[in-house]
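Here it is: the structure, laid out below.
Per-chain residue numbering starts at 1, and chain names A, B, C, D and E are given in the order in which the chains are listed.
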Amino acid sequence: MSRVSIDNLWMEYGDQVVLERICLDIPSGEFCAMVGPSGCGKTTLLRLLLSMEQPTRGSIRIDGQPLAAEPGPDRGVVFQRYSAYAHLTVQENVVLGLEFARAPLFGKLWGAKKRQALDEVRHVIDAVGLDQARDKYPGELSGGMQQRLSIAQALVRKPRILLMDEPFGALDPGTKAQMHDLVRALWRAERMTVFMVTHDIKEGFGLSTRVLAFDKVRHDPDAPQAYGATITLNLPLDDKPERAEIVRP
Amino acid sequence: AEKKDFKVAWSIYAGWMPWGYAADSGLMKKWADKYGIKVEIVQINDYVESINQYTAGGFDGCVMTNMDALTIPAAGGVDSTALISGDFSNGNDGIVLKKGKSVADLKGQKINLVELSVSHYLLARALDSVKLKEKDVSVVNTSDADIVSVFTSSKDSTAVVTWNPQLAEVAAVKGATKVFDSAKIPGEIIDLMVVNSATLKDNPALGKALTGVWYEMMAKMEAGDTAMLEHMAKASGTDLAGYKAQLATTKMFYKPADAVAFATSAQLPKTMDMVRTFSFEHGLLGEGAKTKDAVGIAFPGGKTIGDAKNVKLRFDAEFMKLAADGKL
Amino acid sequence: MGRRIINRRPGKGSALFWGALPFLAVLVLYVVFSALRLAENPGDKLLPALSTIADTIHRLAFTADARSGNVLLWADTASSLTRLGLGLLLSTALGLILGIGTGLIPYVRAGLSPFIAVLSLIPPMAILPILFIVFGLDELSKVVLIVIGIAPFLIRDLALRVEAIPAELVIKAQTLGASTWQIITRLVLPNVWPKLLDAVRLSLGPAWLFLISAEAIAAQDGLGYRIFLVRRYLAMDVILPYVAWITLLAFCMDWALRTMNRRLCPWLARGAS
Amino acid sequence: MGRRIINRRPGKGSALFWGALPFLAVLVLYVVFSALRLAENPGDKLLPALSTIADTIHRLAFTADARSGNVLLWADTASSLTRLGLGLLLSTALGLILGIGTGLIPYVRAGLSPFIAVLSLIPPMAILPILFIVFGLDELSKVVLIVIGIAPFLIRDLALRVEAIPAELVIKAQTLGASTWQIITRLVLPNVWPKLLDAVRLSLGPAWLFLISAEAIAAQDGLGYRIFLVRRYLAMDVILPYVAWITLLAFCMDWALRTMNRRLCPWLARGAS
Amino acid sequence: MSRVSIDNLWMEYGDQVVLERICLDIPSGEFCAMVGPSGCGKTTLLRLLLSMEQPTRGSIRIDGQPLAAEPGPDRGVVFQRYSAYAHLTVQENVVLGLEFARAPLFGKLWGAKKRQALDEVRHVIDAVGLDQARDKYPGELSGGMQQRLSIAQALVRKPRILLMDEPFGALDPGTKAQMHDLVRALWRAERMTVFMVTHDIKEGFGLSTRVLAFDKVRHDPDAPQAYGATITLNLPLDDKPERAEIVRP
């Protein structure tokens, strides 16, 4: 269960207001697509949901509890600038989440346990199409491959809330379709709550059960920084069959 | 518990090399065993550091000159006894000039020396002898390890005061003249084995063992024991000829009787008076010292100079006398 | 919920408290051991009482020396800082020029990098005589000793930093038409500048060390000179305040460099990347 | 078309040639000046002829010393390397532990970073008497002097490197469920490891310096001791080969660390990023 | 004039063949869209065109001359991972190309000259929508804003050949359309030869005058590394009016 409620949230950097008056109530299991013009604050909202930063005003609650003050395995993330660990090969990057869970001491598995863990993640690596590149380092991957690696890495821990920032931006249509299937299947199986920033409106409407659009509604031509973006559209896609399963608030 | 283990420090210098030999040859162990104690002889390369360590309590005894014994441990409140007067410098310290042939030529020169050391004292005495004042020259503090290279390789350095073996090296520089040396003030720069007075009082065995081993070695040296001399030459980083040259300018008291005579002579208090005057004038007795009498010095036979209530440096002849009488 | 320790940040007051704690601990330790030693021997020179130290400071810093007529502390400080400043300036300049040279230009790297590596490994104190012949005995040789001591480190550190600049940034500058020289002035310099200041901060300790060593060789004034001089009679009441003073001076320089870094490189503080 | 100098790379042979050039230049300079001085004064000790040096090397490295029965050079090397190795090991361990601690954990940083900054600025040579009293005069004190000399640098350098790890990477590890300790072992350690080795390489020079200083004060063997011993006779025919030998040893360590870096961190060589 | 001819080019990393048998002859002034699955070697070809790397076999010629061995102002680039200079503000980043050209000594303009140069780039900054962020550092920009900054930076020098690696990937549809207009106008005015990698087929066909598709044609299931991608489709869009102006080979 992970219902996300945001109450009158503001975020400011110095004297620039980035987000203002954000109020949201997202039922557990919802797949939210976030769209909006570049620079309007979508990434900022994800950072707040991740506890990377503290809102200037307002609060975020998960299932009624205040948001944990630090990131944790309940909230997985795929950053906008793909950021795998440069010192680990592809499969080591992916298996890392399992290692953290199973080897509390050093976060590293050995021998049979390691082999078993690698077996478990094999299908994820295959699913993101990196089977050929299993032993490459991120520095040897193409942009799209790095992005897929980031996705695989985040999915392995099966977080309750998944935050993704333009996760399919650097992918060709074929690969993108594969990724859609993968994320969709996992979302259905684990009943995660997903927030996905995307610039592809078709993708947004296709995958999600709710679309959130961000934009500035107030403008002051003399002080363009004075007003931030807010949610201009909060559209549950009630025609999607998956919405029937989502627990109502 | 009674103290059984003692530590004595020494550093490399012609007149002190026998201590290294005592440790390496096993003679020290022989004598220590004889009195039922253990004495560890530790070589410390940095002379000042060895005295500092002694003063701070790290050692029970240490070799040093009479002036340093007064200004470091004694002025630092550590009651010290000069157990053995081993030798005095008889040409081992000297003044060498590149420009000039006499002490009077020092006037106006920059002189490289270890400030506040016996070299400084020697310079003061040399200047006295020609009625010059320290103001007439300028002294440049130069560490003893660098003094040879400074004088040899730099044109800026025209005069140095130093001791052996550095003295021999600088005197050999082409065109350099030795204008003054400690042979002109015999008996004023004395090389001592100094031990903590309290320790010695509680443990006379330490005094006996040290004095005993010393005079056994002196006898060997006087007899010209080549193995021993070779050993000491090597340890001081030179060869036999080089070491003998250094010994030639060192007045060793090979016989304990000679040392006793020196320590009980009437000259010693006069020497020490000059040394403490110099030390006081240069602030070496510490800021607490308002007059040169602040630190008392005692001599064999009960004579003292300075503050008799604050005697911190004691010249002792008792143990050397035992050696002279063959009672060790 | 217990947060991870990496996410727990002390407040301003709390940071001050924790920061001061180890200093206080050292001070207390000193006072205790000093008192113990003085109880045993009132003339002890190794750990003089704080009051003795205060008296000495008063004498050194506020009364003229009988022999020279100078107020010793200030005279010493002035000479030492001049030497140190010159040495640091020269080293920084060398570090910048040769560090960027070896880091950026393959031919310079091929020619100089092994030589500088070897140079940085030669213990300068061991070849002092040769330095004396080349640089004489006066101020120059002291400055040179500092330079020899820290410049190789600065050069090598900076070269590593220049090599670490992402290739894309250099390529991009070239597509914008930059010449080698322009790449240096507009891309490499601003990029390694904060690193240079950090490296200089890290070499402040060694710089003081070499200065003090240089002043121990042949000098008539300077903080190092005084320390070595009074070491002859274990005047810790002079040495300790001098060391504290040196440390304070060094700390102020460190602080100044850090502040300068923040002022000159606003992009480091603004934004996450 | 003339390429930018930053894009012109020497071939392997050419790199070797340019690399050897400055060494040859120094050698030639030495031979010339040595010959000049020897022509003026055949007894000159400052710049002995290469043949004299060769004789001395033969004596030191291949004939047993009459006094101890050891071959001096090897005996000295063994003792010095033991001390140096211990000192480096300890410093590296300290650098790693405290560097990561102060770089990663805000409370540790608040408590230790000012103290270590100040500690790194105290010139150790000036408080030697206190160090010797605390740590004694035997092997321990020599190792401690090396540690005091280089550990603060390693700690501070490493802390800076830890702080420079992009925040995203640390955040991501937390979303993967890593504890502080796991973040250290799986993320921070591998990230700063190559930097640590680089920092150790950069502090090899200072480490030798401190070793030599320590051996010059209290030791009965070791490379620094031998140099100290013969320095008073200006026996440059001993000092120069010893210095060259020290430099060679240090260079081999430098090389070994560099190779180790490449071996242990394959990702640095593979791929661009 | 900048006709690009590639003759039987191969590129290998270790034993992995990335590109094989690439033969191309692109007339000057062509706008080429490059499409293909993620990881097939599109970025690699751009790197080769930029002289960042040397091909294993084969050669690249521009107007019959071998490609210059180093990057230069004749070939501008927008990298896949946006890479502006972190120590320069937005407007300083953009004006940099002009400064390099006009201040040979230090690459920095002062006073009136600087003001004039800033005036000249103002319209580019406005066109990419960064007028509000003129004085921000790249670290303070959103992902899409950084990408737009990279584009502005590359356009200022008006290179003869422009290489762009997914330049509009992180942009919302509205901003993307603005960017299209900008690039298109500049391409028409300066008659540049453009190579643009894109994953948006519609964008590719809409903007370009020629579409190049990359893919592997040979597969060895036992040694997937043995064969590389090549150009499977080289399609001049002859229905585009702009093609008439392009100088024929």
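Throughout what follows, a contact is a pair of C-beta atoms (placed from the backbone, for glycine too) under 8 Å apart; a residue touches a chain by one contact, two chains touch by 3 or more.
Every value quoted in this text rests on a predicted model; they were computed, and no experiment measured them.
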| item | value |
| --- | --- |
| Graph distance between subunit C and subunit E, where chains that touch are linked | 1 |
| Pair with more cross-chain C-beta pairs in contact, given A-C and B-C | B-C |
| Mean-CA-position distance for subunit E and subunit D (Å) | 47 |
| Gap in Å, rounded to a whole number, between the CA centres of subunit E and subunit A | 30 |
| Distance from the mean Cα position of subunit D to that of subunit B, given in whole angstrom | 38 |
| Chain centre separation in whole Å, for subunit B relative to subunit A (CA means) | 80 |
| Residues of subunit C engaged with two or more neighbouring chains | 4, 46, 129-130, 133, 166-167, 174, 179, 231, 234, 272-273 |
| Residues of subunit A touching at least two other chains | 70, 81, 140-141 |
| For subunit B, residues that touch 2 or more chains besides their own | 52, 56-57, 146, 149, 152-153 |
| Interchain contacts, given as pairs of chains that touch | A-C, A-D, A-E, B-C, B-D, C-D, C-E, D-E |
| Subunit B to subunit C touching residues, read off their complex | 48, 51-52, 55-57, 68, 71-72, 75-78, 112, 114-117, 138-143, 146, 149-150, 152-157, 284, 286-287, 312 |
| Touching residues on subunit D, where the partner in the complex is subunit C | 4-6, 8-10, 14-15, 18-19, 21-23, 46-47, 104-107, 110-115, 117-118, 120-127, 129-130, 133, 152-153, 156-157, 160, 166-167, 170, 174, 179-180, 183, 198, 202, 204-206, 208-209, 212-213, 227, 234, 236, 239-240, 242-243, 246-247, 250-251, 254, 272-273 |
| Subunit E partner contacts - residues on subunit D that touch it in the complex | 1, 3-4, 7 |
| Complex interface listing, subunit A residues touching subunit C | 68-70 |
| Residue ranges of subunit E in contact with subunit A within the complex | 13, 35-41, 43, 80-81, 129, 132-133, 140-145, 148, 165-166, 169-176, 199, 201, 224-225 |
